[in-house]
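Next come two complexes built around subunit A: one with subunit B, the other with subunit C.
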Partner chain A sequence: MADSTEVPIRESETPTISIAVDFYGGLHTLFGKGQHKLAIPAADKSGNPATIGFLVTHLCETKMNDPRTELFVLDGHIRPGILVLINEADWELEGEEAYEIQSGDNIVFVSTLHGG
Partner chain B sequence: MAPALCAICKTARALIKRPKNHTKLCKSCFITIFEDEVHHTITSSQLFYPGEKVAIGASGGKDSTVLASVLKTLNERHGYGLELVLLSIDEGIRGYRDDSLETVKKNAAQYDMPLLVVGYDELYGWTMDQVVETIGKKGNCTYCGVFRRQALDRGAKMLGIRHVVTGHNADDVAETVLMNLLRGDLSRLSRSTSIVTGDNKSEVKRSKPLKYSYEKEIVLYAHHKKLEYFSTECIYSPEAFRGSARTLIKQLERVRPSAILDIVRSGEDMARLVPGESASSCGGCKSKTETPVAVLEDDVGGCGSSNGRTPGGEMAAMDKQLRENEEAEGLEVDITKLVLEGKNGQREKRDKPTTRQVLGKCQRCGYMSSQDICQACTLLEGLNKNRPQIQI
Partner chain C sequence: MTQRPGPNSVSAHVDNGEDVPDSGTSGASVSRRLTEEEFDRYSRQMIVPGVGKDGQLRLINSRVLIIGAGGLGCPAAQYIAGAGVGTIGIVDGDVVEVSNLHRQVGHAASRIGMKKVDSLITHLRGLNTLPTYVPYTFHINPQNAADIISRYDLVMDCTDNPATRYLISDICVLLCKPLVSAASVQKSGQLIVLNCPPTPQGRLDRQYAPCYRCCFKKPPPPSSMLSCGEAGIMGPVVGMMGVAQAGEAIKILISALHIPSQDHSIPLERNLAQPTLLVYTYELENAVGPYSFRALKMAGRKKNCFACGENSTLTLEGIQSGTPNYEQFCSLPSPNFTLPPDERITASAYHGARNRGEIPNHLLLDTREKEHFSFGSIDGAVNVPFGKLLTKAAAIKREGGAASDILPPVEESDVAEDTPIFVVCRRGLDSQEAVEKLKELGVNNGGKRRIVDIVGGMKAWKDEVDPAFPWV
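Let's look at the complex of A and B:
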């Protein structure tokens, strides 16, 4: 985890970052649609920069319109078998959950779990 | 951090980390190596002969879409001389299959391949919607699986084609290996690991060219090549998503990605010890494919490429199969003996294929079957008995 930002952040004026989040491979059904343009908080509640780990929780809390959260998250982590691409690159190349999201990033979630 | 560069071309940014060996690759090198490896599997297993007519079992899902795309590419690149046809099964599930069939139709146009769609209604007189109306949602996957297997073979026959390729991937095979190990079902273990099932005696042979391809790479291949595929779970098996063998495989992959191919290889090695059966291996190119006498009842679990994803009905089918396999019991002892005694005369004697696998014809429909009445006809009999009650 990166150091927390020095600037104290108040709930009311939390800065946001704009990103694009896409869901493929059946995941779109959990989030209403495939393509989302989002403004997410730039930092979590303790002031740490928004990471993929934070985004996943944020998506579950604010965007998922299906009660079956276990199809996306298992034990607090992205469900094994769901691929995450950060600007087209496998998240394993980018630090996985610890990757700090930048403005303009494109985050893609692709499920491999649906039938073929 | 500076973006990693591709390990092959050393110029483009790496976008893929290969699960089997952690190599970092750029998009175009990944696509090339993925295709090259499937080509290697095809040539080292001598899957096709020039001029062969091959039907691709196409569901519109990721695996069969990638299979169709790769086979078309390789056929043109390496001059296989194959005549490729898409073969789709319409189970008759409204809101599911009719949508995915649209995807297959698009694929057929894109890849310029003829498409044949065979319906359960024309083959069996029942759509899956009607089956579910009759027996309920529990166990319907068994019916679907048994019907589908014959449907592909029958469809192929209608087209005058003796070879059907399916999109089974390494994850599917690993999953089946684990399940068959846990069941102690040696003969199925052998079949499920071999790249080809069916031989000259059977009318239609099956093979899985993507057997060594990771599901992850299949999905990434589709993503980076922008292939269109359909990915909605069957409406009748929402729980199938949680198949425990599948979940286990995916968790193993997360911890150690090479685990999937390791399981496939282990399955092949164990299958080689099963008397009377042998599995092919492409990786080391050790043995030429010696195809076991085949095997109508593969994939009883239903749901296309995913044996393990179906709960309930599959267990019943498995139990049945196990009872039928009783006579294979003696083989368990033989294996230890065989290993100890090596390749002496004793082995030859015991290596004879088990009688259970002798292919005959179903007395009812005339379709090839290892039993007097094939599984499809047995299931149909039960369904037809129930029909009058339903229609009241």
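Let's look at the complex of A and C:
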């Protein structure tokens, strides 16, 4: 599933990588829907490989249709209270924001809930 | 409150939670015959493969603490009581309100105003008189938490705020209790089994189950947090999570996984040392879409965890004397600004000025969500939901365009460049931010136009002007 690319890859010099990004716990409302198949640039503007940190900025700039970015990012980092899972594993085990994204990766963002 | 121990009951008689026996032995297998009533009542569940008489006796000899008698606690308690858990403690300081009844299925219209704990126990006794019910008609706090939790074998977190969730988890780590935790707001739900099988704080010689802090290291800032009272909650969503919580608790008790122990004779059916976080998303906008359940694999106990990790300094004594400070931990400063007085007007002053004809021509923007607006609004108010307003403001900043486009379409002749704008929201926070945004975009026409916040929002309108206003 994660390998199929619904987003047409643009004719451009920047190579892209196909990933699946999922949002849960209310975050999906910031991005229009919960499940996204994306083709993201394989490298940032300085030519460094795309990391989770880069993905977060990229999502804010291109996919967020709600201006309240502070619900997703605070001080340039994922805001506290959001779990990040990389291919079903806690991102702490993968190097957090420094993790270099691979083609086919599934990145999951979950906002933790407290109501009851 | 009096309890009625079942016939041949092995649990001690308890009164208001004072004399529940210390935990530690109740999970041990107690062999005895089932009474005729027990046999009849529990037969349908006992014949399920994996339960049997031994499983049923484990439930009967178990003590479960349900913290929170609301949207999660009510459905959870029904199944815990129905299954025949021997001692059921319930903690909650709130009273039943009519707005609870769409989801809090253990209460009733006839018990509005009653303590939720007493109301729920009334309901549970109607289902099953055999368990011993222990009421705690107050909120759990750092001073009473350890004393209450120490009397039980398993804890179910059915509460509604992060400070209490961190407190409950910390106590469960220190007292070696498994914790079944669920949460739900609006159209989302979550569930996870923590600290199970329970392992003493600081042990890391192999993989152990995580605690709440291992999984959720930091609370979200209060500004991004939604409560059921503010964001709303769908009954079946929170109900589903509460029922699933009961299911997990019953599995743990039947399998005797709640007993702190090094080796378990019963093989683990799944790896609880790396539990899954169940996330449920309920789509109202996409009614024909697929069910959205997902089980996310979580990591085990973390070496650097503040509560259960290697060099943790967390103690029961510390918690009782105020360290850590849970309220402070969960209420990091948020940008709560207040506009200067000349940009604000009280609801009653606005109402008076309108009645006296002092503001014949003005715009009134109501920035509540459209669902709230649909119940009622001040005459002439135009709905511009806050999120939409921010989106438009961001688009204008980014792409340019007329700032006046942010205003609702109105007759040109009605709006002059000095026509004042009043902004009202639900409680008076969003409206202040909206005033700031509109000024930033130049909608105030260089100061020719006043843009004014109505202090306290529609809540204040209800309190000061129109008591019959349908405010949610």
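One rule holds in what follows: the second predicted complex is superposed on the first by the 101 of 116 C-alpha atoms of A that agree within 3 Å, B and C clash if a C-alpha of one lies under 4 Å from a C-alpha of the other, contacts with A are read in each partner's own complex, and residues count from 1 in each chain.
As a working rule, a residue touches a chain if its C-beta (ideal position, glycine included) is under 8 Å from a C-beta of that chain, and two chains touch if they have at least 3 such contacts.
This one's a predicted model, so the numbers in the text were calculated from it and none came from an experiment.
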| request: Put subunit B and subunit C onto subunit A via the superposition and say whether they clash or fit. | output: clash
| Can A:A39 be said to touch subunit B (first), subunit C (second), both, or neither? | neither
| task | Would you mind checking which one, subunit B or subunit C, touches more residues on subunit A? | result | C
| message | Is A:A98 touching anything from subunit B or subunit C once the two structures are fitted on A? First, second, both or neither. | response | neither
| message | Quick check on the superposed pair: does A:N65 touch subunit B, subunit C, both, or neither? Answer first, second, both or neither. | response | second
| query | Does the superposition put A:T112 against subunit B (first), subunit C (second), both, or neither? | reply | both
| So, does A:Y24 touch the first partner subunit B, the second partner subunit C, both, or neither? | both
| query | Once the two structures are fitted together, what part of subunit A is touched by subunit B and by subunit C alike? | reply | 24-26, 71, 79-81, 83, 85, 88-90, 92-93, 108, 110-116
| Complex interface listing, subunit A residues touching subunit B | 24-26, 29, 71, 79-81, 83, 85, 88-90, 92-93, 95, 108, 110-116
| query | Considering the complex alone, what residue numbers of subunit A touch subunit C? | reply | 22, 24-26, 28, 34, 65-68, 70-71, 74, 79-83, 85, 88-90, 92-93, 108, 110-116
| Residue ranges of subunit C in contact with subunit A within the complex | 68, 70-73, 158-162, 165, 182-190, 215-221, 223-228, 231, 233, 238, 277, 279, 281, 292, 294, 296-299, 302, 332, 387, 390-391, 393-394
| request: Please give the residue numbers of subunit B that touch subunit A in the complex, ascending. | output: 1, 3-4, 13-17, 24, 27, 59, 61-64, 167, 169, 171, 215-216, 218-220, 223-224, 231-234, 240-241, 246-247, 250-251, 253-254, 303-306, 309
